[in-house]
């Protein structure tokens, strides 16, 4: 499946953009936007780059609705041959995404929990296994599920502001990150940093996150979009097909740990979430959040 | 087994200390000490932190006696619900632990070798899989088995003194570190550093060990206990249950490589150690050590 | 298979050089050279160190001939008990090796492609699993297969010149590095750096390669041989047997992913290379190289 390669002193010789032999599909249209309630998408068909902005006030929590729209938008782009790369960012100041929406996990039916968890799996599978180049332009804090989205991309650029934090902080809430959150994290920062960070449920200020390798670079807020576009252009200078096969080869092991076990993973989530002790904890937490905001 | 987690912007809301629903057991007694010949244990029941000091002159070599007492002390703490974290350190100046006691491997019966090796496995399994938070306060040199103890903890603080060295130096003696020493090392420093260090049997001065990630931080000798206590407090600020499940999820793969194969591993050790060539080497090495000390 | 080890405060006590009990074979001859057309070998039997210089102008591309001679030379050294370590370097200025020779992959028969690929596998298996200490003295650029040779050594020293680059740049040519190139790379730099580098087909200037861990150190060009010899002496100060068993234990997993699947891997290469689209790409690339050189 992974034909071998080589070649000396090579400098981007062959199939720029689309791999050789792949038609580009229909003639390119000018840049155009489509959006639904919570996800704004702008696709620049000349560059092949889409910008996907999460816009679900107040904090882009990953509700079932947002996750569903997110998946649909991503699928649309994947089916659009004019799109080769996606930049994920937030339309809300100071927050990239606050992670999974607790209200989806509280006081609902087992069926609801299952549907919600399937959507969480789906967004991870789609981003981590995405054929397009994926860049996270992290323009605010990004705990838990927000961090997972960033970790699942090919590259992470964060605003250079120590007030913005990022990390898988589940343990701080008495919850355990699922194994595929952990696998994704280990692939980015290695076992030692992942062990410590997950056990501490650590949220790192941007400069610390850079040192640990959680993000790849920091830029001033006003340069974020420009820098994301520049990095994307660098990745898109490569032929798609070889890059896609390389990515697939490298992420297959981790993806394959979940794919055949999705239903078990859902059952585990449902039975955990349905526990009265967990429901109680989540209610208390939501109360605390409400007070904090008012 | 690993319920999924999440939650936005979280700040230690739920079950401080013991996980929700877990009784704390009997009322807390004030700090108290217990000890046997070679291991001093002080448990501060108010903080839930035990200090375990190895005291087996001259160099804390891990004899069968020391290992047995070490295991028993650790088991006692694990069964004491008032204890949530352990700090390992040495009561002997300049040496944390010199590693396995060669005299246990020399001129004894196969039964003795087997018993000794089972004790070595046991201490590793107990520390690496420990439910409590484990911190190594490395206040002296820590070769071979001494290094393994440190590597098996959640966090390693070493005295900032280049005269103190740490590493898995087995290869220098013509011996091969067992695969579970290697797995533990790779999880801490990654494959490249582990390959080089194990092949060279390298003992690194503390500052070098910090650079390579073998230890997590250095402090002046007089600050070591204070700093270990501060780090422990940070880890204990998290609810136990989620932290324990996270740790178990992360270390399971490596633990499971030994657990079902303990007897084979013992047989391997016994037949290796019983070889006349190895016995000869060990005798020569002991002679050399004796001369050095006298 | 991997007897356990230990020992405190150890300082090279036992079997210097050859492991205890291993005869040194015939009496040592003075340093002598042997060479064939493309590989120069000088063995200093007093130190046990061989220098192997690739000399296949203009750019040391890894043709079937060069690979075959390379393998034979390495096998000779392995069978020579007087040889304990090998330093790989280039006899051609500014280039270590340009990687696989494209002409071997272009316009030839399926049998030829199969024979060529078997030779590529063979050189990797021999270097990555080499019982001798292997050091790459990278005295020029080292893309693709040239980089693989360096990555497969125990240690990499590169000339401190930003004009010299190193990396697995296959993706830049629309080709995918085989999984065992990838495994070797991940073992050296970890998953995150390997993912990014392979997808970008990145060639890094020497200083950047050092930062990423692709090479272990940089030295001025005129110090390269001296430094390689000094590092080799450090490695050879250890007893061979324990070092060899340690290396074998650490690299076994990755070697075992290819060894039982060599024929499948060859078939994959042959059917990929035989594709008309790939042949066309390679012809275009060769045209481009020819123009560049003239």
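Residue numbering begins at 1 within each chain, and the chains themselves are lettered A, B and C in the order written.
As a convention for this text, a contact is a pair of C-beta atoms (placed from the backbone, for glycine too) under 8 Å apart; a residue touches a chain by one contact, two chains touch by 3 or more.
In UniProt terms the chains read A, B, C = Enoyl-CoA delta isomerase 1, mitochondrial.
No experiment lies behind these values; they were computed from the predicted model shown.
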| item | value |
| --- | --- |
| Interface sides of subunit A and subunit B: same vs different residues, half threshold | different |
| Rotation angle (°) superposing Cα atoms of subunit B on subunit C, nearest 5 | 120 |
| Whole-Å separation of chain centres (CA-atom averages), subunit A against subunit B | 37 |
| Sequence positions of subunit C contacting 2 or more other chains | 190 |
| Sites on subunit B touched by subunit A in the complex | 1-15, 19-21, 154-155, 186-190, 213, 216, 234-235, 238-239, 241-243, 245-247, 249-251 |
| In the complex with subunit C, residue positions of subunit B that touch it | 59, 61, 97-100, 102, 105, 117, 120, 141, 143-146, 169-179, 181-182, 190-192, 194-196, 198-201, 265, 268-269, 272-273, 277-278, 280-281, 284-285, 288-289 |
